[in-house]
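For reference, the structure discussed in these notes is given below.
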Amino acid sequence: VKFGQYGGQYVPEVLMPAIEELTDAYERYVLDNEDGFMDEFRQRLRDFGGRPTPLQYADQLSEAYDTAVYLKREDLLHGGAHKLNNALGQVLLAKYMGKERIIAETGAGQHGTATAMAAAHLDMPCEIYMGRTDINRQRPNVFRMRLNGAEVNPVTVGRGTLKEAISETMRDWATTVETTHYVIGSIVGPAPFPAMVRDFQSVISEEAREQIRDHAGRLPDSVVACAGGGSNTMGSFAEFVDDADVDLLAVEAGGSSLTVNEQEGVAPNSATLSTGDEGVLHGARTKLLQDSDGQIMESHSVSAGLDYAGVGPELAHLVDEGRVTPANVDDDAALEAFHRLSQEEGIIPALETAHAFGYLHENPDAVGDVTVINVSGRGDKDLETVIEETEQRDLDVDVDMSVFEAAEGM
Amino acid sequence: VKFGQYGGQYVPEVLMPAIEELTDAYERYVLDNEDGFMDEFRQRLRDFGGRPTPLQYADQLSEAYDTAVYLKREDLLHGGAHKLNNALGQVLLAKYMGKERIIAETGAGQHGTATAMAAAHLDMPCEIYMGRTDINRQRPNVFRMRLNGAEVNPVTVGRGTLKEAISETMRDWATTVETTHYVIGSIVGPAPFPAMVRDFQSVISEEAREQIRDHAGRLPDSVVACAGGGSNTMGSFAEFVDDADVDLLAVEAGGSSLTVNEQEGVAPNSATLSTGDEGVLHGARTKLLQDSDGQIMESHSVSAGLDYAGVGPELAHLVDEGRVTPANVDDDAALEAFHRLSQEEGIIPALETAHAFGYLHENPDAVGDVTVINVSGRGDKDLETVIEETEQRDLDVDVDMSVFEAAEGM
Amino acid sequence: MANNPDLAGAFERDDPAFVPYLAAGDPDYEASLEYVEALARGGADVIELGLPFSEPIAEGKTIQDAIVRALDAGMTPDRYFEFVAELDVDVPLVCMTYYNLIYQYGQEEGPRPFVEKAADVGITGFVVPDLPAEEADPLREACDEFDLDLVFIVAPTTRGDRLDRMREQVSGYVYVQARLGTTGARDDVSDQTDESLARIDDWDVPKAVGFGIKEGDHAARIVRAGADGIIVGSALVDIVAEGYENDEPVSAVADRLEAKARDLKEGALRGAQQRAESVVPEDQ
Amino acid sequence: MANNPDLAGAFERDDPAFVPYLAAGDPDYEASLEYVEALARGGADVIELGLPFSEPIAEGKTIQDAIVRALDAGMTPDRYFEFVAELDVDVPLVCMTYYNLIYQYGQEEGPRPFVEKAADVGITGFVVPDLPAEEADPLREACDEFDLDLVFIVAPTTRGDRLDRMREQVSGYVYVQARLGTTGARDDVSDQTDESLARIDDWDVPKAVGFGIKEGDHAARIVRAGADGIIVGSALVDIVAEGYENDEPVSAVADRLEAKARDLKEGALRGAQQRAESVVPEDQ
């Protein structure tokens, strides 16, 4: 249950029995394929989720950066992001465990929508906790969850964002733990979550590793993925970890600056792997953005999905080991990369994903001759944010939206 | 170039040479795979588009209707609908033809976004004509087209919707025909468009026919698809046309009523196959919604993508032949089916697609023991419309959105 | 095939035809009658009279707007025939419309009933912008039966086989499209006109050039280049539109139309004279 | 393992311990000092003094709000130690906080520096809600070194091996969680309490029951059921919150806290007496 000194199970006693029960189920169903769990999981991922997702050679990027750039298209997964791999796995596991109800928290709404979809598909009652502020700024995702039949519970404490929603979901779980499974959305939380979520997500690298051999005739020199909590990251890396010659690059949100404001308890970034230090949060020992007292800082990123003060313990460990190289790009670079991929490849990426492409743009020489970049999600959810943020900045690559005035003015 | 008495090439002389050139290119590249065109098309559909899309057994629907319901998941195609099959084919063909520029019209924006994506992917300049009214009510799709680098030209004539955008695109084409390809978005328009678009879309039924044999061990008793212009319809039917035992069901938008208002020139539906009669529109002889003088009527549907007064000539012919059975469901039934599929299967369908499921719900006995339903697109684009329309109606299945008030009120 | 002497006869080498276009019923039935008659007074040799169709895909914005006005004011095929019957002009009238209206008028019988009715009320020929030679046989037959002409449009892109096919079918006059695009008044005159005219130099029907002609000097330029006639639509429709928007008296608008017609007709004549004198200005 | 005589000694069979909780620094440093002292005057036998952490995942909304107020008012671990040192009470103080603060205080050295400092300022033991027995060894060791107690929470879900593991580690008292969920005052008393108490009947540390106790009668009911003490947090924090929201004078709030404490302590005593007399009311 540990990754070096990271990981563990730092949770209230009331939850420990559920964690033990989950550990047992994880070992039996996921690791040992008891009752054909993994077979059913893979089949549903294929038929319902749309796996395998393609590995695409990117014509324009490859030419621009003079390196063979392959895109792992998780944006094509049902729901529009890699999130379903995990949500479907956990909801199915909950069903095998005889649980009657699913809860989850969500920030930007991606994990919530994936969980709601999986729960509808598997006919499980589902409740999603979401901060009041996030509900109001992520309306389409709230619509989607409600349409899929999930209850969405507004969390009004504090700033009304992800942190508060996590605490509230923990509270629900502490109360309903006997009948309810809490679907954690990333490779974070107490063991066995980090390992289990990684296992559900590692289908990404499992496919990509085979596909790149088909396409390029060899393994890549590098795999690049954005990193928030780290589930798409570990999913992209997992099967390459033992391939010592493949560089694993985890690109975090550099936000507006790497400098923290200790006084205000604010880190204007989410670069946990690059700048954080060890601590205990949400059930696991890992790298954190915290002040010198150990209070968790408010992280910031233009991308809501990367905006988290912690990171998966396994990634923290792999960084310490030197196996994974942390990097970060700032908000501006991510926005430019968003526009670049949209214009040049016809793929509108999630803002999270755009960070990986921002890294490629800034470090084309660091990725070798053949690189695989995980397109972790599509950007439809980010349109309003991108338009707004782009207007406020002076970017090298952008787009103007005067068509709306033209349509009104004429 | 004809389907029975339907089809033909009713276009201004200035465009005829381009139509002949396109016919030649269609025959050489598409039909004869010259220069490996079809190989490249299929490869790009796979790697960029995400083909094959899965055929999924629908657990809940199958149980509810006591028939094996299989879903062909075109909603998982890049861009969120079957539209890319055609757009990618035509933009690639334009490239093979040495054209330098792409134009297209769009109503709800789905064809426009697919074309913009394909053009970005293939590095072709692209301009999309879109009615002023549509621009303002389909903002996210306008964002997407602009982000993909396409120009969006507002059309301010008349009501500022699809009809006007088509005329305006024809005008552009008439002026720039020597260097420009007009990507028509459905199996409509002058020959060779209806046959060519069908051929690009028939990958749907090609895959589905093989997949259903794998899944069910036999051909289906029926294939059900919604029908507007008819491209997803013919795409779903094409490879089954010769299987005489497979019923082909084309579900049109019944709108609010099948009764037309001749005085106002308004048909409160888009049920062309069910209620239209023969005429000539946008380059082809086909079934139309027209008044007794031959003026085209305003069609109506809650689903913008079905809202068209014409239909593909091949479908008109197959209906006359008795090979395709036309049907229709009204706005209410489509909305209920939208909610039902979202809640019970975890798939939020396009409102167009929902019509096919409305038909299933109303006629579970008509589809036989095994049916394939084409999920032509995803419904993210329809969220606002559905919420709004649902609130105004008294539906049997719906969902309440009071979470927003709860989030504000607390 | 039919070759109505009235129509071809309107084009003479030293008196090139001025062929104006207006949409019947724009902006309303009564005013439109006045306007068409004003064109005749202004020197029209043939008049192309548009029967408005709801989807005018070959028209530019100007004529599209005219069509919308006419439809809104209640123009229909039957009203159109009344309109033609009521018109007090003594020049040949060509009906310009889209094929669906012709086709639909006869219901199951195809274009014949429409053509019969048109002949009955005094129409001399047809221009159908969405009916290329390939699809024209049924209409051509009906025209032959009732001795009406069927005018085809030769575009700058029309070459080779297409020209031959059209040459076989055309009668009355050939409509030479001066440039790529749709109808609409423009400020320049295209070189494409010269090329198009050259391509059909040896055809034995009169050649009328349209698309973009705005004033007398354009007309002269076109005729000098070899045209037997000029077709002007948008520049005239602009006057109707302006009058409608400014709520001008019908008679004032009619006067301006007549004056404009005169300017264009005079331009055409000037061109013919210059051509006869082989006076070719420097800028050519 | 450490077993501080002060702490275990506060629980007596005929004088069950009343263990109130407040977040240090809520709503500000000075007021909070007054409030804690008021609890002591009201009869507290042990005080659980919360050191606020920014992510209090085990707390209900009431205590979470208290923590936010305390953090906003500037509470930090160092201020907390000052606070403890400055407090004028003569009952044992238990520090209730989350593990990250304990761990981070020592930077690379683990929990030892925090524990050392806590012992230095007069803390008697710890309750760490996010530190289950499995992860507790380093803290347990440090506590042993400085002779401090480490209290564990037994939840209604805690059974079998888990109980054994905890029994080995616990000292001072065991915190019996009365129901599923997080902290928070409620109107009922759960049957789960009885079951939980039965499961640890033979443990030799005092059993203090918490979660949801709101008033004297609840306290009595719990003690009758076999508890050696009662832990009350949210019902007291509610008084602090109300005073803060209504801008009441500190002394008035302190008086109400003292009165509430007295009611709870008396309830506990009443329960002990009833238990001694084996007077079990009908409704049980």
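By letter and in written order, the chains are A, B, C and D; residue numbering begins at 1 in each of them.
In the analysis below, a contact is a pair of C-beta atoms (placed from the backbone, for glycine too) under 8 Å apart; a residue touches a chain by one contact, two chains touch by 3 or more.
In UniProt terms, the chains line up like this: C, D = Tryptophan synthase alpha chain.
All of these numbers come straight from a predicted model, not from anything done at the bench.
Peer 1: Give the label of the chain whose average Cα location is farthest from that of subunit A.
Peer 2: Farthest from subunit A by mean C-alpha position: C.
Peer 1: With centres defined as the mean C-alpha position, give me the subunit A-subunit C separation in Å.
Peer 2: Here the centre of subunit C sits 65 Å away from the centre of subunit A.
Peer 1: For subunit B and subunit C, let me know how many angstrom lie between their CA-based centres, rounded off.
Peer 2: Their C-alpha centroids are separated by 38 Å.
Peer 1: Multi-chain contacts in subunit A: which residues touch at least two other chains?
Peer 2: Residues of subunit A touching two or more partner chains: there are none.
Peer 1: Indicate which of the five shapes (line, ring, star, complete, other) describes how the chains touch one another.
Peer 2: Looks like a simple chain-to-chain line, open at both ends.
Peer 1: For this entry, which pairs of chains touch?
Peer 2: A-B, A-D, B-C
Peer 1: List the residues on subunit A that touch subunit B in their complex, please.
Peer 2: Counting only subunit A, the residues touching subunit B are 46-50, 53-57, 59-60, 73, 75-78, 80, 116-123, 132, 135-136, 139-140, 142-144, 146-149, 152, 154, 156, 160, 339, 342-348, 379-380, 383, 386-387, 399-401, 403-404, 406-408, 410.
Peer 1: Which stretch or stretches of subunit D touch subunit A in the complex?
Peer 2: Per the touch definition, subunit D meets subunit A at residues 53-61, 64-65, 68, 71, 76-78, 98-105, 129-132, 134-135, 152-159, 162, 166, 177, 180-182.
Peer 1: Note which residues of subunit B are touching subunit C in the complex, please.
Peer 2: For this pair, the touching residues of subunit B are 8-18, 20, 157-158, 163, 166-167, 170-171, 174-178, 265, 279-283, 288, 290, 292-296.
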